[in-house]
Amino acid sequence: MDIVSFLIQCLNSVQYGLLLFLVASGLTLIFGIMGVINLAHGSFYMLGAYLAFTLASLTGNLFIALPLGIVLAVAFGYVLEWAFFSYLYQRDHLQQVLMTYGLILVFEELRSLLVGDDVHGVPVPALLDGALPIGNDMTYPVYRLIISAVCLLVASAMYVVIRRTRLGMMIRAGATNREMVQSLGINVRVLYRLVFALGVALAVLAGMIASPVSSVYPGMGGQVLIVCFVVVVIGGIGSVKGALVASLLIGFVDTFGKVFWQDAAGVLIYVLMAVILLWKPQGLFRAG
Amino acid sequence: MTMMTHIPILQAEGLTRRFGGLTAVNGVDLSLALHQIHAVIGTNGAGKSTLINMLSGELPPSAGRLQLQGQDVTGWTQHKLARHGIGRSYQRNNIFLPLTVRENCRLAAQSRAQRAWRLWEPAQACRTSRALADEAMERAGLAAQAARLASELAHGQKRQLEVAMCLATQPVALLLDEPLAGMGAEESARMLDLLRGLRDGHAILLVEHDMEAVFAVADRITVMVNGTVIASGDPAAIRANAEVQLAYLGEEEGAHA
Amino acid sequence: MQPNSSAPPSPSLQDLQDVRRPPWLAALGWIAALAVLAIAPLVLTADSHKFYIELLSKVMIMAIFALSLQLLIGYTGLVSLGHAAYFAVAAYATAMLAPEGGPGNGWLLMLGALGAAAALALVVGALVLRTRGVYFIMVTLAFAQMVYFVFHDTKIAGGSDGTYIYFRPEFNVLRERPLTVNDPVQFYWLVLAALVVAVAALAVLLRSRFGHALVGIRHNEQRMRAAGYATYRYQLGAFVAGGVVAGLAGYLYAIQFGFVNPEIASWHQSGNAMLMVILGGVGSLAGAVLGAFSFVLLAEWFSTLTRHWQLLMGGFIIVAVALLPRGLVSVPAVLRQRAPRRRRNGNAQAAAQASDADARSREAV
């Protein structure tokens, strides 16, 4: 493999890893702070993709669709937490798993009813539809670089919020000691609602910006969910830093795996997970 | 009492435990002798829980040695130590709430006769575990409650069950973590009688906050502050020790007189 | 017991008082159910009834599957979200080992299927049992997904297209003419026999020292370790046993359907199994069987109502888990709790609550 192809695969790995990070960070935050395991998290990613498709078709412009989608996602997350997830906090994991499993079925069928089961594509906005030359005779799509850039921007914003603001402090405290946060008189209900809405928004954003690159299809929610589980297991529950490291690791293993060993590509990340399990069953990083 | 032979059962040398940058227990030497109650006292955060977790095998020590009846058992897992004669009771009730008192003890005792491969034999037919359970309940004073559900017991009885389950495996060393926690005066007195009765045939470690109780039953007291031992000796010596008074007993000294 | 622990909560005091009903009532229930199942093919003899016979076979196979998961979730406290993997591996083993030219040896195929399931469960169990709580749930799902990908992406057994079993196997018994299961009724008897064996085997297992230890681990793993049990080994044993029984279900499924494809390892399959267990009632063998029957029949009914039956199923799952967390087997207890109980035990409960509150306030000091 020559250096240019290697570089291209590295860029792909980073792009996939960063997208995964957006989705997985939401999942790990929701679990770390509220203690809820949410199987329907993948559905938010799917929601993002289908939102991009419908809004872009309606408005004709992905740039308008994006902020609109985010606003809708935050509102949706807020309402969903209030109407459904707030009842899950006191239940044991088995019940949470099943109720969110039921939620997946509901989301999938609603999607089927409203938008149908077809596979769709979302066009790359004309402005970003270029290609950068790499090496002598290869090019790399500008849009993929934009995806990575957006994800990095969001990741940096998250870092700033979590490490430098009061909200972030509460989030970190909540991830390590839920009862303490409550006894400090912080309005836990609003905090939870915000965190949940944030988690949903991250997944939706990821689904939206990824849609021009990976097609929009019915099973995408389930696929991304399980990979997110692998990210959280490797990275450590509640740890955003862990989610980042694990996502990038998976990005590289998966991308290069598909290049060198097509048949077993889907399996490699699970092998990675198994290896990490042998070495560090609690994940690479601790919460907070 | 002064001419009692000292038969060491469990000996800890230089036990240390670090959690990242924090040293919770630093170079603790401790010896449990047969027919003796050795109490460990200290303020909150002194490292008592970490110490007892290391002695029972729940936490591996970062440094130091542990010897059980002459054998080096450093780093052994909890269940291995339990099978070789270490019993542990917990500060918070760690019993099987949905089961009866008898079944609680029998299940604990079953670890002595696990025979897991004999799948066709009903567990309830296991005479060894039943006998050990009956004996443990008897010693802990719970024989009358045998058929009651553990969840139905009063708090003091639950603490007795906690001790009974510890006894069910016939350990030689008993590590008791605040057995008096949450008990009223009457229940405490009963528990202290129980502990005195257990002295015979066991080497007992007693971690406790209740000073009156400690001075009433202990043959030896070790005082810990910030992870290290600042004094160790018989109750009279400890009471007179200036450092201990400063660090721990403080104003309470006047109350005890 | 903290909220949000992964193991389902131990039954409450009320439940236990009801569970202490006479044991002969439970035995009677089993015998009655068995009688009904045994009589069914003798009653449903018309050609049009074949559909029901096959449906009942399918239900019983799912019951075996649910029983295997109940051992893990309800008795050992291991919430395994990837149990379909063992079902699938056994089904695939059956398909791959079955000869193409004629009927295979039913016993050997069963051995192969169960062996494959046991081997996978041993390997996966050894790894996943290093984790606890939510991690455990996630890694079990992840490993099942790995199995799915192995069957879906690789050329083993036809990839996403699946593989066929062309001839149903024969069973040699006592050197006579081998028993065939080509007829739906003959197959029904085989499945019924398997179900009876599975229930009996699990009942014996749970009655043994091993079984009691599993229950202890579910209620309080820390205490079991403190008592001297190597809990990892017990959990691994349970995990493998659960895998083997799931394998039995997978084997029968492969024979009935004659076709295997990667979807049987999907997480929908795992989720459905878990649903059957919680729908029927966690911690009860009867619950698993009841849950399987209810779920399969419900799914059949929903699918006749609308193409988007999964919407109904999803909604049903949410409502059922929310309203009946202890499952269908708790319905008589829940009903009994509503009226007379409150009058009778009013005073006793008040007294119990008072002394409990006393103890708790002292503990807080």
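Letters A, B and C mark the chains as written, and numbering starts fresh at 1 in each.
By our rule, a contact is a pair of C-beta atoms (placed from the backbone, for glycine too) under 8 Å apart; a residue touches a chain by one contact, two chains touch by 3 or more.
Note that the coordinates shown come from a computational prediction; the quantities given were computed from them, not determined experimentally.
A.B. asks: Need the graph distance between chain A and chain C over the touch network, please.
C.D. replies: 1
A.B. asks: Which chain's centre, taken as the mean of its Cα atoms, is farthest from the centre of chain C?
C.D. replies: B
A.B. asks: Based on Cα centres, what is the most central chain?
C.D. replies: C
A.B. asks: Roughly how far is chain A from chain C, going centre to centre by Cα mean, in whole Å?
C.D. replies: 32
A.B. asks: How many Å are there between the centre of chain A and the centre of chain B, using C-alpha atoms for each centre?
C.D. replies: Those two chain centres are 48 Å apart.
A.B. asks: Quick one: report the Å distance separating chain B from chain C, using the average Cα coordinate of each chain.
C.D. replies: 41
A.B. asks: Would you pull the chain C residues touching chain B in the complex into a rising list?
C.D. replies: Touch residues, chain C against chain B: 1, 10-11, 13, 16, 204-205, 207-213, 216, 219-220, 222-231, 234, 237, 352, 355, 358-360, 362-363, 365.
A.B. asks: For a test of understanding, state which residues of chain A touch chain C in their complex under the given definition.
C.D. replies: Chain A reaches chain C through residues 31, 35, 37, 39, 87, 89-95, 97-99, 101-110, 112-113, 222, 226, 229-230, 232-233, 237, 263-267, 270-271, 273-274, 277-278, 281-283.
A.B. asks: Would you mind writing out the residues of chain B in touch with chain C in their complex?
C.D. replies: 56, 58, 77-80, 82-83, 87-88, 90, 94-99, 107-108, 110-124, 126, 129, 149, 151-152, 154-156, 165-166, 168-169, 181-184
A.B. asks: Which chain C residues qualify as touching chain A in the complex?
C.D. replies: 3-9, 73, 79, 81, 127-128, 130-131, 133-135, 137-139, 141-143, 145-146, 149-150, 152-155, 267, 271, 274-275, 278, 282, 308, 310-311, 313-318, 321-322, 325
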